[in-house]
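Each remark here refers to the structure printed beneath this line.
Labels A, B, C, D and E are assigned to the chains in the order they are written; within every chain, residues are numbered from 1.
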Amino acid sequence: MSNSTLVYSVETSNPFLEEVMERSGQNLRSCYQCRRCAAGCPVGDEAVVTPDRLIRMILLGEKEESLKNLLSWKCVACYTCGTRCPNNIQTARINEALKQMAKEAHIEPVIPKVASFHSAFMKSVAHFGRSNELEFMGLYELENFKQGGVNAVMDDLKSTSKLGLSMLKKKRMHFTLDKTKGRSEIKRLYKKSAEKRGSKE
Amino acid sequence: MSFRDILDSGKFAVTAEIGPPKGTDIKEMYHHIEVLKGKIDVANVTDNQSAVMRISSLAVCKIVLDNGMEPVLQMTCRDRNRIGLQADLLGASVLGIHNVLCLTGDHVNAGDHKQAKSVYDVESVQLLKIVEGMNNGKDMSGNEMKGATNFYAGAVVTPEANPLEPQLVKFEKKVKAGAKFFQTQAIYDMEKFKSFMAYARKFPVKVLAGIVVLKSAGMANFMNKNVPGISVPQVLIDEIKAAGKEKALETGINIAARHIKQLKDEKICDGVHIMAIGMEDKVPMIMERAGLL
Amino acid sequence: MNDKISSPKKGSVVIVGGGIGGMQAALDLADSGFKVHLIQKDPSIGGTMVMLDKTFPTGDCSMCMISPKMVEVGRHINIDVHSLAEVASVEGQPGDFKIKVKLAPRYVYPEKCTGCGDCEIKCPKKIPNEFDQGIGKRKVIYSLFAQAVPNTRAIDARHCLYLTKGTCRLCEKACKAGAINYEDKERVIEINAGAVILSPGLDRYDATVRGELGLGRWKNVVTSLQFERILSASGPFKGEVKRPSDEKHPRKVAWIQCVGSRDSHNANPWCSSVCCMYATKQTIIAKEHDKNIEPTIFYMEMRAFGKDFDKYVERAKNEYGVRYQRAMISAVREEPETGNLMLRYADEAGKLIDESFDMVVLSIGLEPHKDAAKFAKTFGIETNPYLFAKTSPLCPVQTTRDGIFVTGTYQGPKDIPDTVMQGSAVAGEAMALLSEARGTETVHKELLPERDVENEKPRIGVFVCHCGTNIAATVNIDEVVAAAKQLPDVAYVTNTIYACAQDNQDMIKQVVKDNNLNRVIIASCTPRTHEPLFQETIRDAGLNKYLFDLADIREQCSWCHMGQKEEATKKAVKIVKMSVAKSRLQKPLKTDYVGVTPACMIIGGGIAGMTSSLSLADQGFDVHVVEMEKELGGLTRNLFRTLEGNDVQEFLKATIAKVQAHKRITIHTNTQVKKTEGFVGNFKTALSNDTLISHGAIIIATGGTEYAPAEYLSGESDKVITQRDLEKRIASGEKFNPRARFVMIQCVGSREEPNQYCSRVCCQDAVKNAIAIKEQNPGSQVIILYRDIRTYGLREDYYKKARDIGVMFVRYDVDKKPQVEKDGDKLKVRTWDYMLNKELMIDADWLVLSAGLRPHPTTEGTGKMYKVTRNQDGYFLEAHVKLRPVDFPTEGIFVCGLAHAPKNLDETITQSLAAAGRAGVILSHERLAVSGIIAKHKKELCMSCLGCFRVCPFDSPYIGEDGKVAHNEVKCMGCGICAAICPAKAFQVNNFRDDQILAMIDAASECESGVVGG
Amino acid sequence: MITGEQKPFEEIWNMVKDFKKVLVFGCNTCVAICHAGGGKEAEILASLLRMKASEEGIAIEINHNAVERHCEPEFFQPVMEDIRTYDLILSTACGVGVNLLSENIGDIPVFPAINTEFFGAVPRAGEFTELCAGCGNCILHLTGGICPIARCSKSLLNGPCGGTNNGSCEVSPDIKCAWVLIYDRMKKLNKLDLMKEINEAKDWSKAQGPRNFKVKVLEEIKK
Amino acid sequence: MEIAYYPGCSLHASSRLYDVQTKTVLSKVGIELSEIEDWNCCGATSAGKQDDFLAIALPARNLGIADATGLSEIMIPCSSCYSRTLVSQKTLERDPKLKAEINTELAKKVEGKIKVSNILEVLLSKKNEIAEKAVKKLAGLKPACYYGCLLTRFPSDVPVSDNVENPVAMEGILKTIGAEPLDWGYKTDCCGASASVNDADTALVLMSKIFKDALARGANCFVTTCPMCQLNLDAYQDEVRGKYGIAKGLPVYFITELIGVSMGMDAEQMQIDRHFTEAVGLLKELKLL
């Protein structure tokens, strides 16, 4: 964390804070810094910034740092922080909001693979209405390739192909594609979602 | 030039301390005299410093003198009554020792003979008056003596004491009682010292600022806590801390040199009194860095 | 109140709940001429306080403090304790309620049971002991704890083998008093009373609900109350600090604060007010029990808001090495092999630390008791959303139903002194309501004339009690009887199974008469509980009560030497011998009486003094209010709204009007006290306006002042104002710029040397004003720089509200205080944010300083005048910080309001009502009895060294007109300190004279002269 | 008044243990007030000694008695006959009393049970402070009523030494620097000029013991 | 008794065995599962992370279909699907505007009346029947019951039927069939399933803690109801053990297969051979197969 002085004013910090609050549905202001969330965060050691500090950064208007924080990407969405929060703040939801805001602001993902994974998953669902491992893995590696080139893909394939192989062996993977018939409905929902996001940007 | 002449000439004087050892082995002390000789102007010989018993200051003054350096006899009122003090002053005079620094002396409580009976028959101000009287050929009771003394008398003052006002009253008394020069307690805060000097300059006396080298941040903190009248500003402590353990002494020496240089360059006082406390070897280095050698 | 009451008011009061608050109210009322019915759901009174080991800050044993009060309640002729009882319905109106009370069967005849406990030993079934919080076990026939009042056993019908399965009856066989009654049935009684006081006490948060904390899961996780029992000498580990899993001595022990409190998401939103301090106390006591313990307290905010609390916390830190870690714990995990508990927390720098502890204590919060909702319905009162009884800060002990009052934790979370204070306050309110009926339902005992025995040779009767098997199982009673018969002046000796049983009381009276005895000794249990009873017995037989002596051969012999029959018997004989030696020298003592002037002088005409004066005047006493300023109101004049939103100025105006209109109240404004002489019941005071007043009691309500800050550019910029200034501006309707930027700094002039105390009101004031500003202009910026936010109790709601509406809170440390600079007509504030570990720079249009409170400048003089002491900070020191929060050691003088310590308006009002209640107790007596056990001063021996004068806590020795020491016996409490210190032995305490004590020592040592060994 | 403190019990016991009949003899004036040597303390000490004797298995008869003053023979003369039956008198009076009794008692030893301290004031119950050293040559009018002889650990006459530390003495932070007190007081009295005068070395001849004096009026009457 | 059934993608794919077990075991205790028609993916964690709207809308479509069945209860064995669906239902209950907006796009409208249950709630309601049908007592089986994150913790407040931080339903059921479940410290801690593909290091460290505690307390297997957790703990066991030096592996059972075994079914019927970490051996050792 940098040690420079932070000039605080409500006028400058509020727009960002309000947006995070609105998009995450969390009342960050109610935080009284008990730091239970930090203590309970399973990825606290790895994430550098713990939920309490992330909330504080947003409260005090450190917009850029918030949008680029590692926690949002390391977060496993276990909801431990929010479940135990005496003020009912779900940092996992804040993380989701921040990642979306980062994307909209064209900020590079801090962990590209995480972005690829979820975006691939969502694309896969959009195609068939259901998630299919093979197709999803294909899409994921494609996303990975976009983000990190061949090396990223090779790196990943080494571990995933091993798993895939044993999944095959244990008859836990299937080749027929599971599909939902009412895909048009799902497409409409995707479109609606895109519209909603568009109206915000 | 005698010490009196040096000061009167306006030269920036440098004095340092020779601490007599406990016991008869005086090899190391000889070494210190060698190191300092020719560099400093005069050497103060301490008198059972901190109430710890050692070789008498009078004897050591004689050794210093014999080795080619001018001594200042430090004399405290703790261990001798008025008869003893006068007798020793006469003794010093006939041995050719003509500088005397009149002190009250640390309480026996501080030293290595805590059960001793403190004397304090007279104290520093009165001792100064005794010296003045003897210089005029009279002992303390007003009896004429055969042959007067010719002492150059000095005293001490603590410019950073808390509270300061009573000390200043005493300073004035010392001047009145015949002190010609003052060697101060260690000073670290230049601004405070300057304001003291602004006051002291009203009196016709020479002032030598006390310099004690800070060996570590710990020592500074210790002195702040335990030594009356010394206050090391936080910035200096931070400076030493920032230098790290290895470089602490080096930094302390630099600070001392820097202070001495400033005192001299800005003509703040008439000289410095370097209390090396076991680091007599380093005195020339300090002087060198202060631009005095 | 209600002036349409047609039927005359009743002189009795029903008190529901016999915890410390209920007991205080009961004693105050019963001592001042009201009949009291104390309804207690449990088999014993005592409440929560009896479960505690020690109380802070004095470290007094909780039981030792409360037990005498319980005995007093139990024995009081005008208090009926109905235990195992619940109120079923309340009908009627203030002054005349009809209360139906359901009495659960006890299965023991209370009048026959002596409390010896023989039945309990025989009972074959053990169940978890709720009193020890389930850590230990108890029998099915039981008393809640050893010192229970009433001291009768009860059978727990749910578990009794006979009552559930029809076999056993072992207790019946064991009981020599024939007190077991398996046929007992539930009964309903009806009580007609003038007022009802609710003091049902509290429940504690059930932390098993939060599984992550491991309570009930990991053995070495205990609640704070369980830990209290672990610390207690009467608890499961006899006071040794052990952990439950393996009974090993824990080294590292962690306390986790706010368990169940300050958590609007998962638990209770309020602050329980007491946990910070009890945890601190527990760490200190734990360290005192076992110096190897290393306590750590994990906390959010140290809410040491009370008088001398901060100092206590500092002591814990500095003297006991208690570690305070500002961090909350998310989960407690047990390490499988060791049973140790792993805690993870984020330190101040944000670093995550795993630390293993041997034991974890959960500081569980307070809740309204479990059936609070039902309770409210029964009594027809409203509650707040959290089910605490609904009250107003301006009428803090009144429920929504007239004539029904509330005290203690049912009104909101609070600690012991606040509860005791409310106890006296409700008593005062009930006295005021029922003043005309005072004395109508109380009874007095008619006594026989005393027999003159002054010139008789001593004829001593000795009764040696078996106490069931309590004594007899260890001490050979026959041997003691035989030995006693050999002693000089002993005329009669017998033994008895239970000396205290009703039939034996009659026997003793008869024996005294038949044998013409003039001294009585009963060798039995402790004088603490039984001496007054036996004194009464011999008084009934026509003897002066001071001719009685109790030889304690139970607590001091059979109980502590169990299994050592021979030695115990020898010791019992010696104890009896000592008692006889003393008894031979006993003299009848006179009980003197002094009259009481039924008027009170109140120094200070602020809200404290006025509240006291109205209560006392309503109670029917004359009141003189002495106010040095030209108008009434004190500091309350600067207060506009309470945190809860009440209009304070309106209230003040109404109060002043009431005081001015009351015919019993005389107001002396622009006046000071010149001199007061006299003693309790009989004070005479000269005022500076040359009035001379006679009064029986004094209330010191001299108030405090607000600190005028010198810090943070105060006085250098008109943009730097105090919280009080801001409140005034808001109240006067000032419109601030909608985008105005406020920075508030807390603890200005508080909580640092030389004022190392919390001013208690500032956090609320800041929150109150911050909310007001944000509500006026949501776009304004309000930042509160604080050290700990101390919105204790239900005030926490407002702290949350302030955050929710966008007030920003930034903590600062005393070592790194905010820096304020002028920047044109604006201000710049720099402070450190501990969450981001960086400096914050904030521009401010207004800097609002939360300046603390200070004792009033007259406090010192007043203290000297009445010889009442003050604490380090200059506030008056009460007689006992826990149990006598409005009394002074000097009888007849009371304190309330800011003169006592910083406090909020509702607390000042409560304390003022309490002071009025306490004063009312004294003023209601026509005369006051002076105990016979007092020190006697022999002037001819005295050399006026002033030793006594200096040490007497009651100021009874004084320097007489002849310049020598004299003694005012009315003030003497018989403590004996003077006798101990007097180098000339000029003081002797009646019945504890040197010759008596020496005779006892000689009797014990059988050493006749000063020669030994020869 | 004169203050004293009881000697350590072991020291007293070692004085007493070889005697057979001991009187613990208290003085009911000054040392009674400081709870060191009055009749009560004599009684307690006698009792402690008896316990010690019984513990050690040594047969000593130990009794106690006290009179108003040991410094005036009239007070102990009445009990002299009884006192002479002992082989040791353990006096709890001040040194004056021990001396005077020794001179008057003949060949019976008189041992001190207390260490005589100083003449003290009683600022608070149980606290005694030395404010005057009885030096025979009072200069309190020059020092604002605060005595540098008694209250400065070096008995300085011309102001504080360099050891004054935030108003405390270099000997102990619990001792206030007398000269700082004097300075503050002189300032309050507006007499700082007086403080600037040099005080001559003290005439200690008046403090040299043994001292005595006679009350002049009585001398006159006797004549 | 007929209950609506939403298997979700995993039970149709990587955890097909769970689908088989669930249907078999429940039919034994009189519950007939009726798979809702043409269901779609709930969006899982990804929707939650990427798209707030879809996170509610995707499960909403399934809820609409479920409501239309007229059945009173729908069971969702997969914790993730259960969580998403329950949150969607409760969110729409609180937000009528959003409900209307989504409903306009749906063929079958969400009504919100069907009760969304997880598998433990359903099993618990049949606890007595399970005990009756248990012909084999699972003596010697010392499972660490692993609930994972999603069964008791939710992104927003919804009613939770068990103790959120110390759920005990699984232990209760296992005790009735004679197993000896242990209390341990990581019942509801995250195993990192959602990160195992894209942030493996994080997932491995989380799993290592779970393994260490279970082993230290003497567990001889894990039992879970979440297909993600099962797959994660089962498939990555070698990596975790290798990286963190854990000596012993543990079979990771679905609760359903253990109930099946207690009802006397064999490994094949329960497809126990489809585990990555050998899972049949322990049951054989304990003479349960």
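One rule holds in what follows: a contact is a pair of C-beta atoms (placed from the backbone, for glycine too) under 8 Å apart; a residue touches a chain by one contact, two chains touch by 3 or more.
Here the structure is a predicted model, which is why all the values come from computation and not from measurement.
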Problem set entry | Reaching chain D from chain C through chains that touch each other, fewest steps | 1
Exercise. Minimal path length between chain D and chain E through chains that touch?
Worked result: 2
Problem set entry | Both-way neighbours, i.e. chains that touch chain E and touch chain A | C
For this session: Name the chain whose C-alpha centroid is most distant from the C-alpha centroid of chain E.
Result: D
Seminar exercise, completed: If chain centres are mean C-alpha positions, then the most distant from chain A is chain D
Problem set entry | Maximum inter-chain contact count - chain pair | A-E
Exercise. In angstrom, rounded to a whole number, how far apart do the mean CA points of chain B and chain E lie?
Worked result: 86
For this session: For chain A and chain B, let me know how many angstrom lie between their CA-based centres, rounded off.
Result: 73
Exercise. What is the distance, in whole Å, between the centres of chain B and chain D, each centre taken as the mean of its C-alpha atoms?
Worked result: 40
Problem set entry | Interchain centroid distance [CA atoms averaged], chain B/chain C, Å | 64
For this session: Find every residue in chain D that makes contact with two or more other chains and list them.
Result: none
Seminar exercise, completed: Where chain A touches two or more other chains at once, the residues are 45, 80, 83-84, 88
For this session: Please list all residues of chain B that touch 2 or more other chains.
Result: none
For this session: Report the complete set of touching chain pairs.
Result: A-C, A-E, B-D, C-D, C-E
Exercise. Chain A touches which residues of chain E in the complex?
Worked result: 9, 12-17, 38-41, 43-54, 57-58, 61, 101-102, 105-107, 149-150, 152-157, 164-165, 189-190, 192, 194-195, 197-203, 205-206, 231, 235, 274-276
Problem set entry | Partner chain C, residues of chain A touching it in the complex | 1-11, 27, 29-41, 44-45, 50, 52-53, 56-57, 59-60, 62, 80, 83-88
Problem set entry | Sites on chain D touched by chain B in the complex | 153-167, 170-172, 179-180, 182-183, 187, 192, 195-196, 198-202, 204
Problem set entry | chain D partner contacts - residues on chain B that touch it in the complex | 78, 82, 104-107, 109-110, 118, 120-126, 129, 140, 156, 158, 161-163, 165-167, 169-170, 172-173, 176-177, 185, 228-229
Seminar exercise, completed: Listed in rising order, chain E residues that touch chain C in their complex are 163-167, 183-185, 213, 216-217
